[in-house]
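Take a look at the structures below.
Okay, so chain A shows up in both of these, paired with chain B first and chain C after.
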Partner chain A sequence: MDCKILVLGAGGLGCEMLKDLAMCNVREIHVVDMDTIELTNLNRQFLFRESDIGKPKAQVAADYINNWSKKRRELNSGAKRVLAVSYVQDLTSFEPEFFKQFAFVISGLDAIEPRRFVNETLVNITRNTGYSVCIPFIDGGTEGYKGHVKTIVPGITACWECSIDTLPSQQHTYPMCTIANNPRTTEHVIEYALTVQFPNADLDNPNDVNKLLDFSRTRAHEFGIDQTDLTASYLLGIAKNIIPSVSTTNAMIAAACCERATAIYYDLVDIETMDTFTIFNGSNGFFSHSFQYQRNPDCLVCGGL
Partner chain B sequence: MERYDRQIRIWGAKAQEVLEDAKVAIFAKNYGEPLVQEVVKNLGLANVGSIILVLKEVHDEGLTENNGFFLSISSMLMGISTDVEVTDWNTFVNKGLPVSIVVTLNLEDPKDIQYISQLRREPLISANVKNEDGIVQLIKLPEPHIIMDTHPDYLVPYLWIDRPWPELKRFYESFDMSQLAENGQLAKVPYPVILYHIVKDRPDGDTWDSNDVKQKIDEKFPNQRDYLNVIEARRFAHLALRTAENDCRQLHEMLDCVCSEMVGKTKWFDLYNHTLAILCLCLKQLLSSSSFCLPSAKDLPDMESSTDIYSRFRSIYQAKEDEDVETFSKLLRTRPESEDISDSTAREFLSSLRRLGVLSCKKYNGEYRIPDPKGPINSPIVVNLAKVSERPTACNYFHASCFIGGLVSQEIIKLITHQHVPIDDVYTYSPDQLR
Partner chain C sequence: MLKLRQLQKQKQQEINKKGSTSSPCTSAARTRLQRDLDSLEVPPTTQLQILRAPTDQSRDPPLLRLIVSPDEGFYRKGHFTFEMTFTEKYPIEPPQVRCMNQIFHPNIDLQGKICLNILREDWSPALDLQSVIIGILFLFLEVSGRDPLNKQAASLLDENPNKFSRLVQQTMAGYSLDGQHYDNVLN
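After this line comes the complex of A and B, so read on.
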């Protein structure tokens, strides 16, 4: 594919997307990620090794692809060159002008806000250029054995913001009176430790985590709450809102995102009638469903476009 | 284990151990195929114990035709600790030791599948990709596949309102609802207590639905409608009418299926499956005595209540569960084959009763599906044929191998770990149809 594609995130989905796009011979793949590599990434982020822990994800991933491209050309001189460019910075620090160079933006992010930022930026580019620049935004997401792919062609299909009501609430919230006066579960005592007893805890510092665990255990004991599940790993799952993740789902969702990009690039779809929203669930057998998400005429981002 | 933390959160630490002891045999043509590389990569990342690559064409480093991402076997295996052995078909089919599961990748000839299924006893799953289309098919299951935890998104709780055991009945009866309503203490009571008192005086022969229950709640507590526990009682009114039969139906069906398929089976090659089968037999024996009921404290949801009343409620569940585990363990120990089953496995099994599942045995019936893509050229909605013809096919169809590679790896993991429900037949992937 003779174009430039921007990949958002060099995590589980990002690594898979870089591989898939490199195999599609995309001329330039740019990747943005401000995170560094951790040990818990290595069960799925296959472009990284243990020796890369602590290094910036975007840079290590781009280096991998560039080395790969070089080796491939050594083995086969006819192979196309693929160039990967990395940005170790906050995605929201980019100006709209930066995005205009890309034919597609594909995201493998794990947070809502950067997706909303990119969506709004791309919709505004379409609006401000009178549709002469219209960059499709393909968004992948996973959680455990579940995933989704949303395809947004700004001003033509529903934008990311149009479907914002379909998101589940971001975290469990408990009434303060329950946490303070009537705790019944381990979640309640952990929440109290996090919000009242030790609100400034650094969750990456093992001493702080142990302190939080002590607070939680003492309180669980005080209120006669079963502590069997109350481990550091469980506490961190709640405190950091850790999303379970495995290579298999990431491989599938990244592949589905790249399929969307190639289908649009090669004009295999009619973008006005194509399905724009696909959900996948592999928890019970395997299930996928695609449909066209309708534009919201009152959307605060793409309304009126 | 920290490296695998994110996936252990999907299937649990025990399943990860099972995975790390497992052996997967992959039948394929050569390792240069994208699908083969994807499956090895995914299983390696998950840390499957060992993989035997059974290839028609065995090569050393360097392939004449490599359409995959990894340019050599060594780059494919870099960073993963799974033990990978490469061998040829005849050696493995005839002399290979038993493995956990056999997989065939991109074998188009049904005779190959017939040959492998006849000579190997293991569960057999196949995956094929052609152009953009792919198929994953469960070909053979020589023994019933028992699922320790199906991980449903939501489990309908059963509150034992129709058939409380004596301690639970005493707990429910210890509340004087009218008095609690009068002295403002009703808010402290968990909603199952409210539901119990609403339905206990129902005249014999009256059939109620959940709306009747809601109406009775409104009549009995007209001034407490905004209490959070009364709101919960209305919301979960249907649980007041759930019976032990409703609760157990699926479990009984599952046990019947396992036990009938176990008749005459003496040799099991999947040890974990064998363990689960013995536990199922023992459970069926136990459930045949009518006095036995099996609540699980883990299944009791959180609910509005004062801490001490909720703790009492939960401890009654816990005490009953402990008693049941003891009874169950005693019965289990009367079976000679139970020697290797630990008490903790028995306890885990009992606490996931409502999440057990089974796939029946499956014989290879000769129906082998391979993709039959029409291709984008024939698609009625192609807009720009010129662009399609310039499309370098092998590269741009790569995503199909990644998708199917991800899916078949996931199914292999489900079959090995006995967590989540595997595909029991065929899944077809055809992105062209989406267009």
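After this line comes the complex of A and C, so read on.
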């Protein structure tokens, strides 16, 4: 594909996307991520090696793609050159002008705020240029076995904000009144142990974790809460707010995102009538559904466009 | 990308025909709040003042003041003031609500913190200012001792509702209780 694509995030989804786009021979792939590589990333973020721990994800990923492209051309001088460019900085620090150079923006982000920022920026670009610049935004997201792909063509299909009401509640905090007086679940007793009984616990110290576990078990017993789930790894999962990441889900969602980009690039879909949302759930069998999300005429971002 | 480019051309022509240049709005959070305000039907026992409107160019977040004057229940005849701040993350995140009076209430502590499910774990972007106002009003109409913030008030309500009612009346008149000052909210 003879175009420039911006990839947001070089994590689980980002690595997959970079690989997919490189294999599609995209001329230039730019990648933004301000994170650094951690040991726990290595099982699924396959562009990184143990020696890369501590280095910026975007830079290592871009280097990998550039090296791969160079080697491929050494073996076959006819192979297309793929250039990767990295930005180790906060996504929201980019001006709208920066985005205008790209044909597509594809995101594998892990939070809502940066997605809203990109969506608003791209919709405003289309609005302010009177449709002379219109950059499709393809947003992938995964959580465990679940995933989604949203294809946003600003001003033409539903934007990210049009579907904001469908998001689940984002609050992972528990009301103090409940955890202090009326705990009902293991999460509540763990939260109490973390915030009240042992607030300075070092979660990387096994002794502290055991102490937290003791507090939680005693309290769970006191309030008659089932303790079968209450293990050290479960406690750490709650404490560090760990959402399990499944590499096959990432691979599928990333591939679906890149497929949407190629479909638009090669005119394989009719943009006004195509299915713009795909949801995937692999937790019980294999469920996937695509549909056209309607634009919200009162949308706060793309309304009136 | 011929299809997309054609579509863009078509849209450009439509704009030229209409001659409309739709202006970009302020932030999504502020526009949403303004829409909440436009469609708001303030319940008769409440009063809403806009201290900082969402349309203000100010950098500070929009700020609303709500005065609740329950016409029945334990807190009848009182006037309770709340302040609501709306961050740029609204409606993904609920507004921050504080009670500006020191009052004796099972779900409101003396710092003005409020325990109301829809302002915390049950918040959803589908809720709006109207739901928040009704939620706050309900704190006074249907007083409950579950999930208390003021444990003393909650246990008293469960054990001895008559005494609870008497203490609520006294504290609303500005009497102290166990050395704790309460605000007179009857005027």
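In the analysis below, the second predicted complex is superposed on the first by the 253 of 305 C-alpha atoms of A that agree within 3 Å, B and C clash if a C-alpha of one lies under 4 Å from a C-alpha of the other, contacts with A are read in each partner's own complex, and residues count from 1 in each chain.
By definition in this document, a residue touches a chain if its C-beta (ideal position, glycine included) is under 8 Å from a C-beta of that chain, and two chains touch if they have at least 3 such contacts.
Predicted model, so just to flag it, every value in this text is computed and none were measured.
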After lining up the shared chain so the two structures overlap, which partner does A:130 touch, if you call chain B first and chain C second: first, second, both or neither?
second
Can A:167 be said to touch chain B (first), chain C (second), both, or neither?
second
Let me test your reading of the model: by the given contact rule, A:103 touches which partner, first (chain B), second (chain C), both or neither?
second
Comparing chain C with chain B, which touches more residues belonging to chain A?
B
Quick check for you: in the superposed arrangement, does A:248 touch first (chain B), second (chain C), both or neither?
first
Does the superposition put A:56 against chain B (first), chain C (second), both, or neither?
neither
Using the superposition on chain A described above, determine whether A:304 touches chain B (first), chain C (second), both, or neither.
second
Using the touch definition from the top, say if A:185 reaches chain B (first), chain C (second), both or neither.
first
According to the stated criteria, A:285 is in contact with first (chain B), second (chain C), both, or neither; which is it?
first
Which superposed partner A:114 touches (first chain B, second chain C, both, neither)
neither
Would you tell me the residues on chain A in contact with chain B in one complex that are also in contact with chain C in the other?
175, 178, 181-182, 267, 269-270
In the complex of these two chains, what residues of chain B are touching chain A?
2-7, 9-10, 34, 38, 41-42, 45-47, 62, 69, 71, 78-79, 132, 136, 150-153, 228, 297, 302-308, 310-311, 314-315, 318, 376, 379, 381-384, 387-388, 391-392, 395-396, 398-400, 402-403, 405-407, 409-411, 413, 420-424, 427, 431-432, 434-435
Contact footprint of chain A on chain C as seen in their complex:
1-4, 7-9, 11-12, 15, 21-22, 24-25, 28, 31-32, 35, 89, 91-94, 107, 115, 117, 120-126, 146-149, 151
Chain A - residues contacting chain B, complex:
1, 16, 19-20, 22-25, 39-40, 42-44, 46, 48-50, 68, 71-72, 75, 144-145, 175, 178, 181-185, 187, 223-226, 233, 237, 242-252, 254-256, 258-259, 262-263, 266-270, 274-275, 278, 282-286, 290
Touching residues (chain side chain A, partner chain C) in the complex:
3, 103, 112-113, 116, 120, 124, 127-128, 130-132, 134, 136, 153, 155-156, 161, 164-165, 167-171, 173-178, 181-182, 264-265, 267, 269-272, 298, 300-301, 303-305
